[in-house]
Structure formats: C-alpha cells, structure tokens
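Before I ask anything, let me first share the structure, which is written out below as structure tokens.
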Amino acid sequence: MKVLSFGEILLRLASPGYTKLFQKDSLEATFCGGEANVAVSLANFGVQSEFLTVVPDNDIGHASLNALCYFGVDTSKAFFKNGRMGLYYLEKGASQRPSRVIYDRVFSSIALAEPTDFDWDKLFDGVSWFHWTGINPALSDNMVQICERACKKAKEKGITISCDLNFRKNLWSSEKAQKVMSNLVQYVDVCIANEEDADKVLGIKAPNNNVESGKLNKSGYEYVAKEICKRFGCKKVAITLRESINASHNGWSGMIYDATGVARYSAHYNMDIVDRVGGGDSFTGAMIYSLITGKNDKDAIEFAVAASCLKHSIEGDFNRVTVSDVENLIKNGGNGRVQR
Amino acid sequence: MKVLSFGEILLRLASPGYTKLFQKDSLEATFCGGEANVAVSLANFGVQSEFLTVVPDNDIGHASLNALCYFGVDTSKAFFKNGRMGLYYLEKGASQRPSRVIYDRVFSSIALAEPTDFDWDKLFDGVSWFHWTGINPALSDNMVQICERACKKAKEKGITISCDLNFRKNLWSSEKAQKVMSNLVQYVDVCIANEEDADKVLGIKAPNNNVESGKLNKSGYEYVAKEICKRFGCKKVAITLRESINASHNGWSGMIYDATGVARYSAHYNMDIVDRVGGGDSFTGAMIYSLITGKNDKDAIEFAVAASCLKHSIEGDFNRVTVSDVENLIKNGGNGRVQR
Amino acid sequence: MKVLSFGEILLRLASPGYTKLFQKDSLEATFCGGEANVAVSLANFGVQSEFLTVVPDNDIGHASLNALCYFGVDTSKAFFKNGRMGLYYLEKGASQRPSRVIYDRVFSSIALAEPTDFDWDKLFDGVSWFHWTGINPALSDNMVQICERACKKAKEKGITISCDLNFRKNLWSSEKAQKVMSNLVQYVDVCIANEEDADKVLGIKAPNNNVESGKLNKSGYEYVAKEICKRFGCKKVAITLRESINASHNGWSGMIYDATGVARYSAHYNMDIVDRVGGGDSFTGAMIYSLITGKNDKDAIEFAVAASCLKHSIEGDFNRVTVSDVENLIKNGGNGRVQR
Amino acid sequence: MKVLSFGEILLRLASPGYTKLFQKDSLEATFCGGEANVAVSLANFGVQSEFLTVVPDNDIGHASLNALCYFGVDTSKAFFKNGRMGLYYLEKGASQRPSRVIYDRVFSSIALAEPTDFDWDKLFDGVSWFHWTGINPALSDNMVQICERACKKAKEKGITISCDLNFRKNLWSSEKAQKVMSNLVQYVDVCIANEEDADKVLGIKAPNNNVESGKLNKSGYEYVAKEICKRFGCKKVAITLRESINASHNGWSGMIYDATGVARYSAHYNMDIVDRVGGGDSFTGAMIYSLITGKNDKDAIEFAVAASCLKHSIEGDFNRVTVSDVENLIKNGGNGRVQR
Amino acid sequence: MKVLSFGEILLRLASPGYTKLFQKDSLEATFCGGEANVAVSLANFGVQSEFLTVVPDNDIGHASLNALCYFGVDTSKAFFKNGRMGLYYLEKGASQRPSRVIYDRVFSSIALAEPTDFDWDKLFDGVSWFHWTGINPALSDNMVQICERACKKAKEKGITISCDLNFRKNLWSSEKAQKVMSNLVQYVDVCIANEEDADKVLGIKAPNNNVESGKLNKSGYEYVAKEICKRFGCKKVAITLRESINASHNGWSGMIYDATGVARYSAHYNMDIVDRVGGGDSFTGAMIYSLITGKNDKDAIEFAVAASCLKHSIEGDFNRVTVSDVENLIKNGGNGRVQR
Amino acid sequence: MKVLSFGEILLRLASPGYTKLFQKDSLEATFCGGEANVAVSLANFGVQSEFLTVVPDNDIGHASLNALCYFGVDTSKAFFKNGRMGLYYLEKGASQRPSRVIYDRVFSSIALAEPTDFDWDKLFDGVSWFHWTGINPALSDNMVQICERACKKAKEKGITISCDLNFRKNLWSSEKAQKVMSNLVQYVDVCIANEEDADKVLGIKAPNNNVESGKLNKSGYEYVAKEICKRFGCKKVAITLRESINASHNGWSGMIYDATGVARYSAHYNMDIVDRVGGGDSFTGAMIYSLITGKNDKDAIEFAVAASCLKHSIEGDFNRVTVSDVENLIKNGGNGRVQR
C-alpha cells in the first residue's frame, strides 16, 4: 500500500524561541511543506511513503530530499530543475501575539515545472493513494495543469485521491482558488479542510459560524462537509476544529463526514502549544493512515486528532510520533505522566 | 514631534531559559533600561526618538548606544564619561518562582555625571516631549539636581514632561524617594505608575488595596490617580493594572485618569508570559505615542495596554512591535491565529 | 548533623527544549539520580551532606562527583570500580505528550559493587541520618544485600533511616520489588512515597483510588500511610500528591502521616512545569531537612511541598533553591512578582 | 565629508562553525553585501556613511536596514519595493576545503528597481564620495542603466567615484561584464580590484601570472593597474594581493597605483583565517577612509591592508574594528599579545 | 553495484568545541562507526550502499538507522535485538592536547548478536562488495564467528571483500587480535590499514619505522603491504600515511600496493584539522568507490586521499563530500579560494 | 601539604568564539582569577588546595565559590562582604587581532576588605604554602596592608610563600607597583614572572631584550632572575618564555633559576592557541605542585611548561588537566594522536 504525496518542499527559517525575526542572528533551518509533512507522518506510521517534488540541483535541494529520506520517505521520484528552493520565515507567536509566516517562494523549481516534466503513468506505478493540497495549484498556472493531469490519471488508475484544501491567501486570491479548485476537487475522494478553507477555496460557508471567535458550531461544519460531498462527489470530508484561544492555547478536535451522511467527532483536547505549524498536516497524515489501514470513521477521527494533538507539542513541522504514541494518548488520555 | 528620553542604559545579563543564574555558563547579554526601553518603543512606532545618557568610553559603552541606533533611536546627544556600565543580573521566573533582578550599577558613568555636564537649553533643542523616570534621581544626588534642572528648563520651554514613578527599593528607600520625588513630580504633565509606585514614591495609598493578593480594586486606583493630579498638578495619570497570578500568568489592563476627573479602562488580557521585564516601559512608550498622536484617552489606554500585552510575549526588555501589530490585537483580539 | 545519601549517580542525556530525542544533534548532559538529588537539596539548605556512590575511574565518573562537589556535597566516601557510568535518555514532554525516560544503566559500577566493598561501620562514622531509595536494590542482587547490611548497621548505630520507595518498573518487577522491599522497609524510620509506589513496592493499595485520573483521594492516602506504619514500623510516612493534568500542568501538594495517627496536609499549588524530573526527590530532600531541623509535621510538609513546587520551575534534576526561597514562597505565595 | 554607498543588501545564511550546509538545523543569519560592508567600515571609522538600497517592505527588509543603523550608517535614502530579500548560503571552508557561496538573489527588490525610482540629483545632495561595485550592474539590465545615470550625475556634481570591480561569475558572464563595465569604469576615479577582477571584468591580464598558484607577481599587478588607468582614466587603482595557501591560511598584502605611475606596497601578513568573506570590502572601506582623510598612498595602503587583515580574524562580513585598532596593528605588528 | 557494510553503529557524545568532557553541560550527539562511516561515504559518492547492523528497538536504535537513511544508505537489512546502543565519549584535542575517546560499548545489541541471527545467503543477495573492519570481531566471540561465516559465504558467492584492520586496544589485546584476524584476513581481497594496524593486528612490523615520531618511511610501508599480500593472499593493500605533528596539524597521504608488487603514492596534504575522527574511514569509503568504479591504482589512491583530506575539515565522523568536491581538490589543489 | 591561595575571584564575560564583544547577544560567563586559577590547578593535581577570597553575599558571590568547589578546592575560609563581584569582559583574539580584556572590578568586595577582616594566624592553620600575586595589592591600599600582614605572618610560621608578579597596567602604575612590591617581594620564596613583569613591577630589565619582538634572549632572563634573587632574597625564580607570533600561535617554554645560580630550561612548544588567558597561572600552579612534590628544578620546569602548554588548548581560564595528562605530554610529546 504505497502513498504518493506531491507538492513543494520548503526551507523553514524560524527565529529561535519566542524572539522576533532577526532579534537573534540565527534562524532554525528545517525543511517542510504541507505535502512533505504528510509524507513524513505516513512514513513514521510505517506506511510506504513516496514524495514527489521538484527542487534545484544544489546543496539546498539535495539537503531537502535527505531530510525526508531520514524518515524513510522514498524520494526517488523527485527530480531537479532550475529555480530556487522556496522558503518561508517563521516567527513563533505566544499568548496574544500570533505566529507570523512570510513566504519567499517565487521562482521555485516546482513553480517553474512544466506539465511535460511529469509522466504520471509511470509516477503512479505501484501507487494506491495520491495526496496533494490546495497549495500546489496556487504556485503557478503550470501547476494547475499538472495537478489536473495527475488527478485524471490517478482516477483512471483507480487510485484514491486525497486533498487538503489548504488556502493560502498570500499565494492566490479566494476568487482564483475557487475557480481552479472547483474543477480539481471533483477528482478528490477524501477532502480535508480546516475552519476557513471551505469558505475561501470552495465558497461554502456554514451559516452563523464565526471562525475568529474561537467558538465552534458543529452543525455548521456538518453543513459544510455535506455540501462538499454533494457538489464535488467526495466520499469523505475530514475537518479539524481548532479553537484559537490564543497563540499558546488552543482547543483541538475533529470531525469526519461520510457522504452517506454520518458525522463522527473526536475527543477534545486543550493544548498547550509548542509549535502549531504543521498541525493540520499531521491530522491529514494520520487520517490517511487510518483510512488505509481500514479504521472505521470513529476510530479514524480519534486517531487523526490524537496524532495531530501530539504534533502541537513538538518543535518543527514534522509529526515525529509513532502509532503506539498515538494509541497511548487515545487509551490513557493526555495526563502527561512520565514514561519510564 | 521629537521625544527626548533621559536615563541610564544598562547591560542585562540573563540566565538562559528557565535556569537559575550561573546554572549554565553563559548569560544572555542585551542592553536596556527603563527610559531606553521607552525610546525604543517610540522609534518602533515611527516617532522621532532621542535618547540621552552617559556611558563609559569603551566597547561596552559604545555597544550600548549601537543597540539603540539599531532601532533608529538618535543617540547623538549621549556622551561619554568615566565610570562603569551599570548592569543587572536577571533570572527569569516561572510558575511559583519569581523572576529575580540583582543590580550592579554603582559607580556607573551616569551616576557620576555632574549637573554641569548637561546644557539643557541645547539638549532640548527641537524637543517637544521629555521623558524620564523615578530611577534617575535614585542613582545619585547629582542626578536629583540634574533631573530638577531638566524639568525646570523643559517647563520653561513648554515641553511636555512625562515620568514613570518606577520605584526601585534597592536603589533608595521609600522615604528618600518621597522626599525627592514630591518635588520633581510637580513638573510632570503625564504621570505613569504601577500598583506600588504611588504608595512608595509619593506616599499615596489606595484604601483597602492589596497588591500582593493579585486582586485589583478599581476605585482604589482612581483614588490614587486623583490624588496625584490634585497634589502635584499632573494632567494625566496612567496606571498599569497587573494581576500577578504567578510568574507565568498575569492579568493585564490599564487605566488612564484625566485631571478633569474621568477614568478610562482598557480591555483585559490573560497573558502567558514570555518575558515580563520591560512590560511597564512598553506601556509608557505606547502611552506617549498615543498622546503625541492625539488619541483620546479611551483609545490611548487601549493602545498602551495592547502594546504592552504584546511585549510580554517577546524575549528581552524592548518592545519590538509596530503600530499595526498593536492595532491588529485591538481589532482582532488575541486569538493567536497564524498570520500567513 | 550529617546526612549520608547512598545510591547511583547517573548521566542524564536530555533532548533540548521540546524536541524529540535526536531531533537535534545535541543532548543536555547533566548528572543526577534519586539519591544524589536529595544530597544536593540538603547541601543547598545548609545541611552537611555526604554522598556515597560507586563510579568508573574515568572522566565521566570524576565529572559526576565534581558535579556534586559544586554544591558542597562531600563525596569523599565515594569510590571507583570497574563498570560503566549509568545513564538515561530524557525527552521532555509537553501538553498531552508525556516525558519519556529510557534507562541505559546495566553494568554500572554501582550495580557491580559487592557487599565487601562497603565497610559500613566506617562509612557511618559521624552520620546521624541515612537516606537511600528503592532504586538501589533494584540495581542488582548485590545491592539488595548491600542495602540490608547498611540498614542493619545504621539501626545498630541509632542512625535515622529514610527511604523513598521510588518504584521503577524498568528495573524490576512489582513482584520482586515487594519481596525485597518488604524486608528492607522494616528498618526505615521515614518512608517517602508517591501515588503509585506503595502499591507497586509494598502491595498496599488505597481502596477506590485512581492514579491515572489525576484525581486524588485524601482518605485513600491516609489509609496507605497508616498501613505502611503498621506493617513495617515506620515512624512517619510522607506522600506527594500529584495531579497530572497534562505534561505542562500539575497540581501539587503533600501529606505527612505520623505513626501516632495524625495526617497533615500542605497548601496546594497549580504548577506550570519547567522540568518535572527530580520533583519527588526535591520533596524528600526538603522533608529530611525539615525533620532534621525540628520542624513540626505541619511546617515540614509545607516546606517540603513548597521546595519541590519550586523545583518544578527549574531546569534539571537538582533543586537549586535556598531555605529563604522556600520560606518566601510559603509566606508570600507564588504570585511571581519580580524580586528587585 | 559624506560617503554614499549604493548596492544590494543581502541576508547571509551560514552553516555554523565548520559544518557543511544543513549538517546542523540552524543557520547564522546576518545581513551584508559588498557595498553595505563598505558603508559599515566607513561608519566604524567615524565617517558619515550613507547607504542606498532597495528592499522589500517586510520584516526582513526592515531588519536589514536596522542592521546597518546599528553601526550608525544612515539608511534614510533606502526605499522599499516589491521583490524579495536577496540572500546567499555560505559554507565556511577550512584547510583544503574551500568556502562555498550559493546565491539566491533573483527577483530581489533592487534587481527589480527601475531607473525612474532614483532621483540622483537629490540622492547626491551633500555627498562627496560615491561608492558602488561591479555587482550592481550584474543584478539586472535596469541596474546597468541606474549605475550609468548615477555615475554621470556624480561626475557632473564633482563627486569622487570609487568602484570595486567585484566579478561574480554566477551573476553574469565575463563577456557581459566586460561589455558593461568598460563603459562604467570610465567614470571611476578610484578603482579597486582583486587578483582576478581585472581579467574577468576588464579583460586586462597580467602576463605570466597564475592566480590559482597562490604565488604573486608584483610586476604583473603593476601592469594591470597601469592599464586600468590608461584605458579608463582612473586616478588610482588599489589591488589586494591574496596568496591562497588554503582556506585557513592566506598571505595578505596590497598595492596602490597612482596614475602618475607610482606603485606603493603594504606590509605582508600571514593570516589565520576566521572569516574570509567581506575581506575585500573591508580593504575598500579602509582605502576610501584613507583617501578621504588625506593619507598619502603609502599610508593609505598600509591602513587598508591592516584593516582588512583584522577583518579576516572576525566572524561575519562586517569589519568591526576602529581606527585605533588598525593603527595599533600598523604600529605594533600583529604579535597578538593580550591587551589589558 | 551494491556494497554491504557490516558493523556497529555507535552514538558519539562529543564535548563542544575545544572544551574538556563535561566542561559544558551539553554533548554533541551524532551516530557513527567505522563501517557506518564507510557506508555513508559510499552513498554520498552515489554508490548503492547498504548497512547491516543490530541495534536496540528503542528511540536511540531507530534514530541511529534514520541517521544513515538521511544519506540514502539502505538500512533495511539491519535488525533489532536486546542490548544497548553502544556509545563513545569524545573530547576533541588541539595543539599538543590529544583527542580522547572513551568507549562505552559493552552489552551492545550487536555484541550480543548470535551467529544464527544472520542468514548470510539472503543478506548477500544482490551484493557485489562486502566491507567489514577489525572492530567487528573485537566486539564479542559471537562476532568472531559471525564474521567468519560472512567471509566464507561472501567468498563462495564471489563477492569482493574489503577489511579495514582498525585495531582498538581498548576492545581487545594485540595477541587476541592477531590470533583472530590472521584467520579472517585470508578471506580479504582489499586490506586497508593505518600506521599501527599491521603491527598490532597482524604482527607485521616495518623495520626501522617509528609511528610516534610523525616521520614516515616509504620502504617500510611497502614492506608491510607486501607481507600482507604474501601471508594472507590479499590482492591490494591500501595504507594511510598520517604524520601527526600535533592534534591541530597533520600531514596526510596514502599508498596503495598491488599484490603484483607495485606501490602507488598519492599527493601529500598539510592539513589544519577540524575533526580527525572518521578520517581513516573516509579513506576506505573513497578507496572502495575508486575500485568499484574501475579507477587505476594511481587515480584510486589520489581520490581516496583527497576525499579523506576533505573529511578532516568537516565536523563529525561522516564524510559529507561529493565526487565533484573530491575531483575539484585533485584538479585545483587545496588553495581554498571561495567558490561563488 | 595544604596550599592556601589568596586573591580575587572574578566573573569572566567572554564574547563567543571569535566574535567581537556584543557582536552576539550572549556572553560566556565563568569564574576565574589569577590566584583562583592556581588553586584549581593544584586541586586537579591532587593537592589539598584552599582558596581565600571575599565576595558579595548574593547569587553571584555564591556561584563563584561553587565554581571552585566543583574542582575540590576548599573555600571554607572565604567570606562575604558588601561590594560587587569584580568582572572582566574578554574578547578573544585571533591571528593579528589581539585578545582584549576590559576590567570592571572597582568596588569589589575584596577591594573593600579591611585588614581587620583577616585573622591570619587562624587562616594559616595547617597551611604549608601560601600563594598570592601582584594583582592583590593593586586592588586597594587596604589590600597592600593585608598582603603585608599575611606575608609577615606566613614567614613567622615558616610557610613557603610564592608570588606571581602579574603586572596589570590598568590597575596601577608601574611606579606604584614598584614601590609597593619591592617591599612585599622580600617575603617571597618562589617568585614567578613573565616577560614584562620584572621590568614593570620590580624595575629589573634585561639588557637588550625586546618583548614585543617575540624574540627571546636567554641570558637576559637569567640576568633578571639573578637580580630578583639578589635584591629580594627569593630562593627560586620561575619565568615563562612566551614568543608571541600572533594571537593564534605562540612559542612557549620556561626557565627556573635557583638562587644558587643555576638556570634550567624546559622543552619548547609551538602552540596553536585555543584560549591564552590563564596560561601563566597554569604555569604557576604546576610549578608549585612540582616544588611541593619534590621535583628537581629540571623536572619542575618541564612539568610546569607542559601543563601550561596544555592549558592553552582548553577553553576557559582553568587548567583542567591531570598529572597523568602532563606526564603523557612530557613523555610522548605533543603529536596529538587520538587516545582510544
């Protein structure tokens, strides 16, 4: 059971601790990306995980692939091309001060990639699940085409497709996103979203919901999921329910909706946040793992939420936990007693 | 609109993270000081900010001024003189363990400065606001005289004077403070105080208030502010209202009182504290900015409290936020959602 | 009044901050151990504190003793022997993610020590209090014998004996622990335990108590303490009451039970945790200090709980606070106001 | 006497110590650039130093200017524009392993700047010396035009122009460089070059010289300097003479040639290298300082070489030494005895 | 062309910079080992590189394998077994102070491995080169048997065998080494040795050579190589020629001897040492690469020496250079000019 | 055989690596001092070593004593007094850039100490060697008296007295030093000096010697030693012979002169310097050790020079080597081969 994730890998340059950017003269430098994070989660759960990307053929590009190989992700399908390594600057928030992300990803190798660079028939060889996110088509018009061709070929080959809508307002407008994604999401079997994606990417808004307030409205989310299934033919919609109390504390839970009309909710966690970036991706990775391994919806949403809850307690984008770490949280709760 | 802040700049030697002093063999070394912190806040808000101080003519003295130049503070009025760079050791507290400050500022260049070193007529050239704090006259008897001459000249020139009472029990006794400051505060237009300053520095105590308890009493603070205006002729009194739950969590709000008898209160923030030192100074800096730019009292106190709330989430004494960061908190609240 | 603590000193290799083990390529490397931590607490409280251990005669063994000398602990009774320096890997937890300890202490010098290596008559010269913990006999069968001989000799010489039950499931089984410790605890005057020790080590279980739930049951603990006194003839039993909310927040209080049937409880603290490891040992150290200096039970439990509360706010196993730090918390509460 | 330096400011991301890029997960992050380094040197020597650049209007752009303000460089003529902050990755070499620089500066704000963005008449107000380097026109065709306009206007206003040829093979070809620079250098009064620039940028090659061999040939350099003066009308040519023994050890000296035909050589230094990057710029900064302050050629070349020798012993691109540091080396030689 | 390296992977705990062990309270923690280092070199040169080892099934064991996966080494043949992760403490020397290694590798998983744990027929599937070192049989008597079975099976399958003699006096005596290795080396095709191995491991001593003196004697080394070929039937012997001037400076060159009687010498490098540990392994890795890719002896020794020369300039055991880095040194020499 | 060293303990605040002071915002913070360094050397060599000093009764003062206790130095004679912890800022030099020390030690507790604070009769109880340096009387006029009283009492009690002349031009003038020290040195049995001390402190200058040149003149040093013995009655004079090539490389050797007229010279070392500060003190400590343990002059000077040679290769003021480390260097030379 091989999963192919496809997307950009980025260099993350984060100011240390709770300093502002450039307050100190060093930056934490790690590699990550919405789809790469999913690939790492899957590898850590023991799934055969492949990552397809395009990077420059220099020390930075090579290091980015090595960073995935570390976890056992297979990067042999990735290739090199002119262009830069995309990167982002991260300033971690605390309390009332929000985390800040400044993208610097123009002219990246993947944004410059061309449809003819990808032989999807070959790339999908042996693959049974294909994962991509809404960031991909936001990178360039070429990438819109590339994603469409990939989805078509995957569909043709009977490969399950998952997509995290992942709206990024600094990459494209909501209008463009809706136009592009409305077309692409129709190929998607499992759609993952957070509290604002459905609105910005698909134009589906729950009545009476207010994301900023930190209050969540269950029926609103069910409405959104139902609409996604109805309009785009998705089989399942998984939604993370984040209550943003402040940058240091969040409520966390999730819901999975089956096109047959059943919604399942996970337990709820009050999280003290160590590193919030990559939280959604860790949910997605764990959800794919759950569905691949045949968990039912209830167990799947519990696993995905528990896994991503743990991610929030670890530095960096990657979720470095194992299946047994997650199961331990589900079973024993998060009382945090020392394991020795 | 040029603001001149006057005071000592200090080297802050802090143990890293939550270690005790000398638990590790390195110290975080940054420059700061009650008045310097205000000057930096003002520069970050786009105000023409000058800083007047006296430092030794060695690598440490020069570095201290450079640290302010970094933010665009104009230090060209500062001068060199024999004496040491004053410094303090800081051990950051957590939970029930309080932060600890150990001063080592005797014999500093500014404490050795003499009244004749200052040509206030020239120093005030082009200045429309003069800021100093109660730390200055606590440094030496010379500084008492220097502050008095400065205040007189400022008054003469129609310059607005602000003063943060800033009582430091390790620099002088409450008795001496009261004797000296009762004279100096009569020149002050805008008086800034925290929960214990008015009592220790001016001998004004709210009936039935208990600072240590962490409970705040609004009417008590209004009484204090009213008394300050009445006794010393101040036009406005701004007070920070800190609820000390423990070293990691504080409640935070503020009040501004106009001599006409109106008190305005800010929103209240529950803060997870990253670095508490400099919190009061960031309030003062933001308050001066607010008054200079013509905000009304309600908007001024909201701005000052929001700005200083953000400061508590950043490492170091300086408040490294911009006007738009503060306005964003006021407008959107502190839900801490990632900005990207 | 000299206290001799006896046990293993270990190298603690901890991943930095909230990273997973080996996420970064450095480890914090400090020395510690259940009994060594007690010895350090005692030295910091001004007690004449001796530490007896066995280490390899290499740079690591020597450094471990130096680390105790730093605090004024007298290590002149410690000796060298073939074998390794025992160590453990520590990954600090946060929020729902528990701290993880991986022991690597087989073949340590102390585990290889033989009964004939110890001349207890000489080792106890001038000693009035002997402290050891349930970790010792878990290290090797030799150590069971060594502990027994030590206890017998101490008894013979009228030395007070304290023991922290300190169950470690990775060192021995509950069955073996019960068999061994039932014999050894009969020599103990002051028995220290946490929420699970009595059950695992002595087979005494409070009716209707659920450790994992984070809920505490006072009558249950009194039952346990009473049973320990009854079965083993202990004079006092001190129990830490930890409410594990998550890895970042714990409730903390304690109880001391006198064999005459009186239980005294301390104040209760809500702790934001900096470093939880060594928390119990800091309780024990402070309890021994309290009893040595003649505090009554109420004052003793307040002191022990306040001291160990402070420990949780400091990096590392050792409690680096002084008597006045503890008294300050007891007197002023943990509001965390800056001390300057 | 105000000097305006003009060029790109870059973020330098260097792997720590002697690790390879991304061997550790942090990068040293400082700001620098060929012309910015000169501006900092000048400010450190007490010259009124201005820096003109174009940066993005985000946290990175602002931080880059602050980094210059720290040293007292006046950045008020710099302006903001869309585009990225250019950056480069640096891996510091040692022994036989060379330092490696990987540029990532496409699409930078300054490369996107347009000729009409610059009002040179106003920008040169009060300026008496204008410095730029051969990197500028390599950034974009717009920059070729901008440099030409600047030079013309400077000439018109009687401003002395200095230019460091600074060939960068990754920014443009030698052919293009020669075409562009042959035109621009005719405006230059003081031309600075290193061992390969004259060849690659101006097509002037000393007969029988072999740069790679680490052997230097005095007559060859005099030939080159003479040719530059002859062909382009420069008044002075200053050349650094670097003997590359390996990445840790270099010989260092310099020559200044006056168009009247006299060459002056400096003392020679055997350098143990701490950080080689910025070495040439520190020579240029010190040379401009020397000429501005009226030193004769012999003293100028001694000062410039001594200053840049010291730079090689300091981490980072900037030369953080003062005039007295340099004079001390010239006077006492580099015996390195502790100054206390 | 697949190479299987077999041996122990170790945790290397190094004191930072030039501090003594435990002078600071952190240790650099990386994974390495004589055979693992070779596997990494090979992967970095683009060879299909497999590593066979045995580690404990815990976070440390898993991290050790991930550290190799990072470079693309295939660890799928490695397996888990009870026992510890072997480790060593490293204190880096400088000038007259030697580097110091303290082993702590007793009871490691690989030392506890049993002959029946290895199905060599399967393990050698697809393998054309087998590499092991003299450390393996020094780990345990089981490992002696395991190595012998491996060698026999490799021989049987026509796999080329290389062995680095790698004498470690703290693991076994010279007597035991000679007894064991005399048997095992007869299976070896390519024997790698340094200045003392042949003497201590095989009892072959060059007449009139003095290792400690730092002086090298060519004819002596040729004698040793010739003897090895003669006595054990090796086809090639490669020897590193290290001149130990002090811990910071070494001379470095190498020789390869063909059983036909021809010795080839490499260029000689004067190295400023960054990290000497792993230097020999990087020679071996590069030598295997050279022979696999069909280089003649002269080119092979040049490549192996240049590659390992570069390793000495990089922190850590692993040689992180590429083929083109090595070729660049061979072609251009080590003048260390910045590559940009 | 107990040695009492007496002097100031200082906080050393050093910029990290080869950065300039305040280039980074942290400082390495360790404790040291000319006499404390000697006490640590002695403890590391196994001598009973006591240290007498005066420090402030705060966290810094306590930490300074703990730092000595770490090595087993007995600090029980040290006492607390008002005043500051003296400190110095250190910028480590490299190549042609000299190390720089900026003292900040006015008003230190020891400088404020009074003669009546010291009961020398009691302080010398059990002591057989007394060590102090020329820094002591430079601290205050009180300290001149205190040193004189100490010397008289030591003489009276038959205690051997050693003194390192240690001239510090920033603490006093050569004139004052000569006046004070000429009196004090007459009590000294073993006088230690470096290349400039004899001249500045005692007014004894070797004919035709030039310290700055880095060239040494044996007969000059013998002349100086002879004069010291003659004028002040010293029994032995030990002199370090440092050739300052640059801040990274020094030649190092030493001479001991016996009043009977015999001079003995040590081997000569070419040192790559890691940390030069404390080099002289490590010579003194090793010399005292040598004389105490009865080495003859030749062996003593070899030991002292070898020990201090090793110190130059270790970070920090303290010499952290053992007797066997030194003997190993003497026996095997400094070829720096890895010890494993």
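Should a chain be cited, it is by its letter among A, B, C, D, E and F, assigned in written order, with residues numbered from 1 in that chain.
One rule holds in what follows: a contact is a pair of C-beta atoms (placed from the backbone, for glycine too) under 8 Å apart; a residue touches a chain by one contact, two chains touch by 3 or more.
Per UniProt, the chains are A, B, C, D, E, F = Sugar kinase.
Here the structure is a predicted model, which means the values were calculated and not measured.
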Does B-F or B-D have more contacting C-beta pairs? B-F
Using only the C-alpha atoms, find the rotation that maps chain D onto chain E and quote its angle between 0 and 180 degrees, to the nearest 5. 120
For the two copies chain B and chain A, is the contact made of the same residues on each side, with over half of the numbers shared, or of different residues? different
Starting from the mean Cα coordinates of chain A and chain D, work out the distance between those two points in Å. 45
Cα centroid separation between chain C and chain F, in whole Å? 42
By the touch rule stated above, which residues of chain E touch at least two different other chains? 20, 25, 66-67, 100, 102
Inside the complex, what are the residues of chain E that reach chain C? 13, 16, 20-22, 25-30, 58-60, 63, 66-67, 84-85, 89, 91, 100, 102, 104, 106-107
Contact residues on chain A for chain B in the complex? 17-20, 23, 88, 93-103, 168-170, 212-214, 244-250, 276-277
Touch list for chain D against partner chain B, complex: 66-67, 69-72
Chain D-touching residues of chain E, taken from the complex the two chains share: 269-275, 306, 309-310, 312-316, 320-321, 325, 329, 332-340
